[in-house]
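Each in structure tokens, the structures are laid out below.
Same chain, two partners: chain A is paired with chain B first, then with chain C.
Showing the complex of A and B:
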């Protein structure tokens, strides 16, 4: 156990370093010194309160999409479709927010909007789980393809019923101001969505490790045969896990629409689903680790975009960096498994020889 | 058969694998007897007979353990005309009938792959394609789900503890929850009652003298014998009425085997019914009150242990009934 934790921290640091190194090579082609660029990136983060708070703003939706991937991952299921479930949540909260307008007290409206995003994302996700349970459909492929349907559905609505009153751009009217999520620190965009994300992450941990529901999810993930002999239905677990997973991604729609954008724009936040997968794997699918992983990615995003604005370094470098870090993290996961396996075999051999 | 012989006569080599002794005696020139992945005899056909082969197939004999007289009356399990279809659609069990009394051990002898696994699984609710009746304590259970079977007091020690009985990456205590996760006694509004689970886990570790560094240590770190003790502890407490033991000592060392045997007898003496499935005839003889022989999905014979001989059972395991031997 101790060994595994050490492996995890070491391999994570190594993969972040490797990602920085490879994208640093690309900086060299631009005749920029990567070390100086990275130093600047780091110092930008603490430039002012607003920028520092942005890290948490960017981390919030990532926590949700990472939790979404992690939850099904515990059941050995793959939800690659958090992006789509996020869009479904976003469309739903926008529609519900427009319905409420400023007629209803935010104390009543916000909890209902919160729930609606969870249910919308959850049902879209549960569809994948149902196809898996009923037809043995490949969860990986179905969830991945469901993203494009959700995206097209959102665009369709944004060009028809949800389009702004001017009917000019494919975006919605802003939602009523009383439905904005309360801001935590004045002068920043940091809203209570971040606190909500942290609470939900802790709840996820509790659900997975302290309740029978989470226990069954993990049993199905680790040994589906034993689950069958224990009367645990893998099908039911897959529908439930995908519902919760989709719901978590849907919540990102709530925090992004009501907390940050206050409206719906075509194709916004197009990469939080993929980043969530990277973060979840970075954190070994541990809900608490996900909070920190998301903050790391949030910091990269914030520092990177300022770097792009100020140093003439294209901000796509940052996206490349994120991408490389993610790939190295995913690779490190398999290395870790191999090291662990070898260690287990070693300890078995030692015991035999005694 | 004739084709195989012709093929050989042309000068080719043939490896013919079967558990049907008659076939083997008919076709082979040389015979290798295998048991538990090891060779237990290499013989020429001319120098051997079916009796010797069956003896080699069964393996060593062990002295029977002292068994107390049965104290309980009444039938616990009644199986009537049970037919079980495998996924491929053939009959894995073919209209078998038997019963087990309270406080009785029924041993199922047979070469593995003759329907033993299906029998254990069917009594635990894992097969849906079945005909016939199963009564547990006068309640019909043939349509019960796995969960209902667990709830009605059937414990099942599966032959393959690693895949069917344990989650190796989970801790000892989490493995003890495995079949009880739906049981309301173990959780309050789905929140696992950790105090209760801890107490229960410590009890199992103590009562079954499981050697482990603690109830939170991962299952895969335990030795085979200690893993089996955990499974035993769990299934015995679930199986208040019937406990099915399928190959309970496979792959264990002698000390652990003895421990398992004593546990099985202790449960019998509490008045439970025990179905003991084993390919080790010595084990069947040591522990059973009655012995049934399963061959090709059918029960060929059920006999009291005192009336049974290893020779007869060995022949039955190979599908040879007494009438056939007399004819021959």
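Showing the complex of A and C:
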């Protein structure tokens, strides 16, 4: 067991390096020296406090979308619709925030907004779980489709009822300053949402591994036959898992709107759903691992986009790095399993010879 | 009306090609989750080929070649290394999006004006296109549409009426039997996946080469997933996929008509979301699927 944990960490680190190495090689096509580019990327991250804090700002919504994928993954369900649940959460918190304006104390308003994002994302997610339980619909397919519907819905609201008072662009007015999430470090955008994300990640770990709900989710995932004999209703677990999963993705809407953007623009943050899946895979769906995976992807995003602005390297290098890291992590699953098998055979042989 | 029908056939072309490719792969037990990426790769490859050489053949060939390479990567990881298909496909979709954007920049830099190509024109079929109504709808289309509507019945024939089709179907239903018969399960799956990759990419090239005459990173916007859905809704049958693709083609054509005519005041976004809503509704109403029993499950010898 200890060997396996060591393998997991080592092989994940190796795959991250391999992914970055291959992406670096592609920079040669642009006549850029990969070593210099990565050197710059790394030094950019530490050039000032603001940029360094951005890593945590970018990691915050990724923690939520990665947790969203991981939570259903543990039940062998596939929620690849975190992007849509995030949009539902975002548009709901915006509407609720506009409703509150600056009339209500933030101590009362913020918890309500927090809950509203969880419920909005959760209900949108639970719809997938319900369709799966009631109609045996394919959760993968339905959750994917629900992203595009949520996007169209949000864009429609931003063009009509939620549009800014100037009515010029399809975007909302800023929310009241009272409803901004408190900033952690002055002079940066780092807000309390990051702490919230870490706490929620730990809560997810607790929920999955230390409670009956989590136990049921995992049993349905690992051994559906045993689950049925134990009287666990797979349908109910599916709805519940999708509700929590969608709620987690909805929280990303809360931290992005009230923590970072303070308004809503059509189709914003279009890739955090897919990146969340990548991070969940990277972290082997472990909630604590997800925090570190999100920080890695956050760093790639921050460094990659500054690189794009200053060095003539396109910002698509971010997706390249993410994509290659994911592929190598998947390959590492294969090799780790092989090493594990060989080790087991070895120990069996040794026992026999004694 | 004729215009709407003609456009419906046109818009169903890539969905039909993509769904037929998906049907073949899934019948052999492999879900091609990377289909959205394959569509994007094909759209890009087709555009680049046509733009650089001014030849449609090169465009389709480049799309096909890129599709084959991506399918090989996907097939190798999922079939030989037996890794999770949904996980691998999702990773590949992100990677392809990055690669396409990156190499578009490498080849074209930052152009001041959007780059365009002449879209592939319709070729009327002699005599037949003169039939009233039907001629204009069915026989005045572009070559890719003719090919798609020939490939689907041909695919049905191969899959359900030939021994090759029997082997493919058995690979998805009962791989042990295929193995006992002395055939290599993994090799069959790998081959079918590559062929599906080729057609998936050519399907994607429709959007750049035939329909828009240009390329953007968001050109596919979920159409690959709709092809994936049509495979399910068509009950893993190329002819079923044809019906499904036509339904979506009509929906898309009506949406374009409604948007441009402005007769009925409904929000634009409703039409954009319509295909996705339709997919969910059809998934819920469709009963009795013939899901290949080993779909998505890697083959382990002696298991």
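Rule of thumb we're sticking to: the second predicted complex is superposed on the first by the 329 of 354 C-alpha atoms of A that agree within 3 Å, B and C clash if a C-alpha of one lies under 4 Å from a C-alpha of the other, contacts with A are read in each partner's own complex, and residues count from 1 in each chain.
Rule of thumb we're sticking to: contacts are C-beta pairs under 8 Å (C-beta built on N, C-alpha and C of every residue); 3 or more make two chains touch, one makes a residue touch a chain.
All of these numbers come straight from a predicted model, not from anything done at the bench.
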Fit-or-clash call for chain B and chain C when the two complexes are aligned on chain A: fit
Partner chain in contact with A:229 - chain B first, chain C second, else both or neither: first
Touched partner set for A:78, first chain B, second chain C, both or neither: second
First (chain B), second (chain C), both or neither touched by A:344: first
Contacts of A:213 with chain B and chain C, given as first, second, both or neither: first
Of chain C and chain B, partner touching more chain A residues: C
For chain A as apex, the angle formed with chain B and chain C - C-alpha centres, to the nearest 10 degrees: 80
Closest approach of chain C to chain B (Cα atoms, Å): 14
List of chain C residues in touch with chain A within their complex: 73, 77, 81-84, 86-88, 90-99, 101-103, 105-106, 221-222, 225, 228-229, 232, 267-270, 272-273, 276-277, 279-280, 283-284
Chain B residues within the chain A interface of the complex: 124-126, 145-147, 149-150, 156, 158, 163-170, 174, 177-179, 181-182, 186-187, 190-192, 194, 218, 220-221, 223
Chain A residues within the chain B interface of the complex: 1, 210-213, 215-216, 218-219, 222-223, 225-226, 228-232, 344, 347, 351
Partner chain C, residues of chain A touching it in the complex: 26, 29-30, 78, 80, 131, 135, 137-138, 140-142, 144-149, 151-153, 155-156, 159-160, 274-275, 277-278, 281, 314, 316-324, 326-327, 330-331, 333-334
